[in-house]
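You will see two complexes here that share chain A, one where it goes with chain B and one where it goes with chain C.
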Partner chain A sequence: MTTLAPTAPAAARRPRHPYLTALATARGRTGLALVGLVVLAGLLAPLLAGHPPTDQSGLTLAPVGTPGHPLGTDDLGRDLLSRLLHGIRADLGIIAVAVPLGAVLGCLLALAAAVHPAVDTAVQRAFDLILAFPGLILALAVTAVLGPGRLPVVLVIALAEIPVFGRLLRTGILAQRSREYVTAARVGGTSGRRILTRHVLPNAADPLVVQFAVSLTVAVFLEGAMSFLGVGVRPPEPTLGAVLSQSMPHLAQAPHFAAGPLVTVTALVLGLSLVAEALNREIRR
Partner chain B sequence: MTELYPSAPSAVSRRTTLRAAGGGTLLLGLGLTGCRSAVEESAAPAVADAAGPRRGGTLTVAVNSDFTPSLLFAQSNQSLQQRLIYNTLTRYDDRLEPQPELATSWEYAADGRALTLKLRTGVVFHDGRPFTADDVIFAVKNLQNPVRAAQLRATAAAVTGFEKRGDHELVLKLAHPVNNLFDLFEFMIITDPGSVEEAVAGKRLNGTGPFSLTRWSPGTGLGLKRHEKYWQPGRPYLDGVEIRVVPQADALISSLRTGQSQLSYSVPGRNLATVAGVPGLVVSEYATGGGASYLGVNTSIAPLDDKTVRQALAWAVDRERILKQVLGGYGLASATPWPKSSPAFTEAGRTHYRHDPGKARELLRSAGHTRLDLPLLHVNLPGETALAEAVQYDLQQIGVHVTLEPTDAATAQKKLISQSMPALWAMGHSFAQVQPSTLAVSAYPFNAAKNTSRFRSEEYTRIVREAWTSRATGAGANALRQRVTDTLLDEAFIIDLAIRGSVQVASRKLRGATLNKFSYLNLDDAYLAG
Partner chain C sequence: MTTAPLLDVRDLHVSFTTPDGADLHAVRGVSLTLRRGETVAVVGESGSGKSTTALALLRMLPGTGRITAGSVLLDGTDLTTAGEDALRAVRGSRVGMVFQDPMTALNPVLTVGRHLDEVLRAHGGRDRAARRARALELLGLVGIPDPGRRLDDHPHQFSGGQRQRILIAMALAGEPDVLLADEPTTALDATVQDQILTLLGDLTRTTGTALVLITHNLGVVARTCERVLVLYGGTVVEDGPTAEVLARPRHPYTAGLLAAVPRLSTPSGTRLTGIPGSPPDLRLPLAGCAFADRCPLAEDRCRTAAPELTALTDTVRAACHPAAESPVPLPPPPPPVRADRPAPGPVVLAAEGLRKTYGNRRRRFTALDGVSLTLRTGETLGIVGESGSGKSTLARILAHAHPADGGRILLDGQDVTRPGRAGLRTVRRRVQMVFQDPYASLDPRMTAGDIVAEPLRAFGIGTAADRPARVAELLGRVGLDPAAADRLPRSFSGGQRQRIGIARALAPEPAVLLCDEPVSALDVSVQAQITGLLADLQRDLGLALVFIAHDLAVVRQVSHRIAVMHEGRIVEEGDADTVCEQPRAAYTRALLAAVPEPVRPPVAVPAGKVTV
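Showing the complex of A and B:
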């Protein structure tokens, strides 16, 4: 008499979502931890910072460990810890708006391009036009028209990301369109719009998720570079790039001035890159 | 952008990082320092050299911005080459007394409406042509041309006639007496009339100076070689001069520390602590200052048309803190534009406005305001931004909430000249280091006829005119200068903050380098000791 093994619970048999699997790897966990740490610091900035980030004092370039100023002060006597935490907050606020905006607009344009060859040509030429300008040239052009501020930074990052996501999704759509399941759906009488949104888009989305993490990294750099060049967020509001820019004349006397934003940008970029790489490896498997 | 961000996530940031680094270089490269003033020659490092002057060698001078040929006849932020390639008619000594250069002697007519100049003989241009009175006539007429945008055009325009007495004697006839004619002679370079258009295009600079131009590489610098037929016998000692553009402050300091350059006047005050302890370098500060930082007020915008409000702003700013934190302590906190070397300088004027937020708030209330929201334009360079942020914070303490408007240097200059500044702006000015009347008739912010603040006052115009045309000396002249100062302090359309330090950083081997009052580098007697 044979005994049947007890049936395993349905939930245990269900394959784990590849994104979760990717994030559970050592690489993914390290990335998430680094990003989480930075994000948490930014979110808790008003609680963690003992001083308003723009309050000035006569305490110029105080060293690390000065009572009341754990990271010291900048050239105008402002608390560096407060400026760092609020700088993280400002940066995260910008990239949290700009990258999704660029991704959504890029994807919408790619979907629109898939509808008709004429639209495709128009969209691709528009992408070519944006891509003709390197990121910082684009930034300088936008700020020349709008002036410096938060909105131009968001616009520049979004603009730079639109063709990235647009081209990536278009490639995915072209690859998926030739697959049998699309032909079957079309033969079955499914409308072109429904095939695109319900069948093709979900199957072409994996690279977009990886690209999203990559684009967050690029956005950190772009915002930092714009603030560094003085065309980012208006002073005296701190951003990581702005604090780094302010520290440059004092590197020899006060290297700690630059250390905070440098370490933070490194941690954020490293974290996002690790997450992106973990997702990419899992999706390609 | 797809070509920059490949879909493989591992190759994310290399180019972006490089672009950011390049951007940083660009940022720090835009070394606009505003107008610069001259230094006192006596304050230059005087190190005796037992072996005597040494002939030969090439001096490398590090500057933070390039030569701008189109501004050859106006004061720009890089004027070092002017006295190397060209000569002026006279030069001031430490007591603001004119000394001979191409003019060997001069004599005013009794009524002050004519000046007879005796010109140096045996002077030749780099192309071998002899220098004559015609070259002086051309130089004056050239500065009268509005196209040249010379700040001293008003003074040049006061010269209405020329009487040549041979090749080396000239009478300048004046429409009215002016007391800053020697400021013009200190400022005005003597150029070759035949090649002036080539000069403003940067193609050919033909002068009588100790060095001739061998090359100008835009963005890189200038190369100069000794003028073998220079009018001073045995001079210059140096074989040549390299003016090298090093826009980034840290790189400029490194070039000095490593000996790649031996002289610079472009080290920002905040960076001087870095070079002060380097054994091979000498840091010298000069009493004439390097221009002044100020807060400009547009008097055509309410409520800044009320001088009580402007005075409130003047009381609100902490000049000592600005000097310490923004200028690195090099300079002089001052409510007036005058450096200590100016005949118009008084300690009472310098400290007329002190940091008194309580008094500022009181004045603001008396004018009917408890809160104001105003924009403030500044150049988006680190030092200028720090100045604007310091002013913004101080004004915020009295209820004046300022929105900063970072602007590129060229736009800021354009707005300054075209009188289209917003309510407030923070910049630097010069022209206070020579005759006080020059400031009020030549500098854009102070010009009585047409200034950036759009301040109009018959009284101010009259006082300035009187101070400019008066031939009074001693107590009489001081009284006129004091009236100009009093008007500037009372009307507060330009709120001076601090006189910037003018600092020379030089190799210990270098001897004899001096600047004139308009920051023209004089290397006639300079040499590199062994």
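Showing the complex of A and C:
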């Protein structure tokens, strides 16, 4: 008594992964293109820039289109294109380390919390403690201890992301754990660790992927804000926030000074948001 | 008879777009007429398009659903082309609706009075005091005792049946001409279902409201409606007076469905009758009759030309080529087959005085209160009870999914109530479980093969190399194509998923199989396949089965012995036939009386008289 339909069409057998479907939508493609453009600019910075980012020329505050300086120069005569490209590179380097670090740590803590109620309480209170500090206060506190530089920025971003990912995964784990297939696996003799990694985690992971894209945008802001306040990466090394901060006194004479970082940050955040939105829509279907 | 119908649905077609872009043609040309005060049942199994039809009438289709053709005329106005304002005027005041799940259909933060008040205000009730008086009257009408006091209560203070009554009151608030009830009793226990059906019947008689009752349960139809429409694969296959259709079905599907409904009068050890195969894939275009693949009378033309709904008698219409040419109704189904069951062997599993309490110090709920039972090899113990009787808790405690608070569990004579780590592994190899919901009990991200292989891994049975062969054998054993091992659960039907669940439970070669409502989420035509499979497995492997269900008729047929549970206790236990024929406990009698039967047991007609 075989009840299966005789042949299912081959295409239906292995449907495309929903993430790929999500990224193939117009929204997803636009987001990916914007992010790709910015990432490419950062990666190719040494080839595209033409000048080292800290070289000074005689021209200060040169306008857009000056020969040799397509985006002009800053108040110290440094090439703005080069500073922008290298700034992107520095920014991406920081968020590409900090966000995954925060995500992994947050998820590990959530998994640990799932093992025992006592650990759960401890982890939850630790998350509360971190969340009690607004991001920038946290940034100032960390730099007050470590001094400005690249490492504190990475640490601050990672620290801010840990409770976000931790709580999200914990919610997912709790929701999935009450599902019947988990009881079925338990009655089937599957060990607790395997249930957590093989059943619960994959089914709770979807919101994490969306959160990852959202967190990248938050990290871009946080890095910019720290550099802007002067507690981020130390000058003269360029970052997007630092260039923006530097342009502030000169905005009246040279508005183009701030345009580069603003456009880049907007493109990056918009791109990441579109990707997150596309993934979210596909997952919720 | 000659008056224009109140509601006239003509050749309605509804399509959905699936996530992968394909078109799912859910309703394929449904026509239906309803006169004032008439009660019509729309019957069908899952995927027949019955609920979609109901929602399409008021243009309330969810998601990507859309009406692609046809018209819905309410007193001559076409609702398929009406504007949103016109539709709002119709919803509630001309057509009221009652939904399936009374637990989620009321807003938990609003009082019942507010719910009714809102509906009354939407229908133009201006005076606050008058609205309250009307709300009181409505609550009284649907049989809520002491309505004056209950009006300011919140939904959680009412039972499931009372909530459904409140929802019916809300649907009636606008004094509609038509009441659309979509599976109004499916989420309710049998005794409560009985009360709600009686209420619906009384209300339609006293208020003159026409009723369209959507259900999968032929027993419900027989109890409530004058006329019945049988849907299959999105088309109407038969339409006629209920008594006529249920007594003398013309369409082979109606006949099959009727034969598949378990009857309380059928003795223990009888195989359930089912319809072979599974419902049609609605993504594919339909060349001929949707039922042709499962039909015992199918001819070549059934697969190429779709039959039209044609009048067979003055009142009955059916869409079937062979039936249209035959002047007589279909012959009655063959009598049920008795299964050959081996005699039960020694006791494998016993429980003594099991207790379980949920909750904390402030709110306690006793789920099990001193439950004792024994189970022998090759025996099926049926456990019947309504929701909240503790039957699922019992299964979970016997399977060691939850610990017991008190009492003892004996497996092969050894105390396994609180096993150690090694002891638990032994218990789990010997005692396995099949779950109620074939959709929730399979991990959506694992393939069928991985799901079945999981217990093999967990218990270290065989090597990684010979597991695929064992998985293929298990899948074959439960009637699935072993080639399906690399497919995900979502590409299987409900019945097939339940087979995967059974294969998983069989993997560690258990001695005891605990089946927690294994067929209650399945269609009647499919549930016979699953109970038949369980009976075969019991015969071949000598399994001891615990079969938990709320449907006494099914339990009687599959079980050797029955235990009736009520409020955490076993109120009656005994031989299956004895419990059903000479019940001792008052609760068992109430349960037996509430089972809706589609027709009286068929009267035997001498063979010669059929062709007169």
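The definition used in the following text is that the second predicted complex is superposed on the first by the 273 of 285 C-alpha atoms of A that agree within 3 Å, B and C clash if a C-alpha of one lies under 4 Å from a C-alpha of the other, contacts with A are read in each partner's own complex, and residues count from 1 in each chain.
By definition in this document, contacts are C-beta pairs under 8 Å (C-beta built on N, C-alpha and C of every residue); 3 or more make two chains touch, one makes a residue touch a chain.
Source: prediction; values computed, not measured.
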Exercise. When the two structures are overlaid on chain A, which partner does A:Y181 contact: first (chain B), second (chain C), both, or neither?
Worked result: second
For this session: Classify the contacts of A:L109 with the two partner chains as first (chain B alone), second (chain C alone), both, or neither.
Result: neither
For this session: For A:S191, decide between first (touching chain B), second (touching chain C), both and neither.
Result: second
Exercise. Can A:G58 be said to touch chain B (first), chain C (second), both, or neither?
Worked result: first
For this session: Name the contact category of A:V269: first (chain B only), second (chain C only), both, or neither.
Result: first
For this session: Could you tell me if A:A213 is touching chain B, chain C, both of them or neither one (first, second, both, neither)?
Result: first
For this session: Would you sort A:A225 into first (chain B), second (chain C), both or neither based on which partner it touches?
Result: first
For this session: Please indicate which partner A:I95 is in contact with in the superposed arrangement: first for chain B, second for chain C, both, or neither.
Result: neither
Problem set entry | First (chain B), second (chain C), both or neither touched by A:I173 | neither
Problem set entry | Residue contacts with chain A in the superposition, chain B compared against chain C | B
Exercise. For chain B, which residues are in contact with chain A within the complex?
Worked result: 1-5, 7-10, 12-13, 16-17, 19-20, 22-24, 26-28, 249-250, 253, 268, 270-271, 273-274, 321, 324-326, 380-383, 385-386, 388-390, 392-393, 403-406
For this session: Provide the residue numbers of chain A that touch chain C in the complex, in ascending order.
Result: 1-5, 8, 12-13, 15, 179-181, 183-191, 194, 198-199, 202-203, 285
Seminar exercise, completed: The answer for chain A against chain B in the complex is residues 54-56, 58, 60, 75-77, 127, 130-131, 134-136, 147-148, 160, 163-164, 167-168, 207, 210-211, 213-215, 217-218, 221-222, 224-225, 228-231, 234-236, 245-246, 248-253, 269, 273, 276-277, 279-280
Exercise. In their complex, what parts of chain C are in touch with chain A?
Worked result: 19-20, 276-278, 281, 396, 399-401, 425, 428-429, 432-433, 435-437, 440-446, 454-455, 457-459, 479-481, 484, 486-487, 491, 493, 495-496, 499, 501, 504-505, 507-508, 529, 533
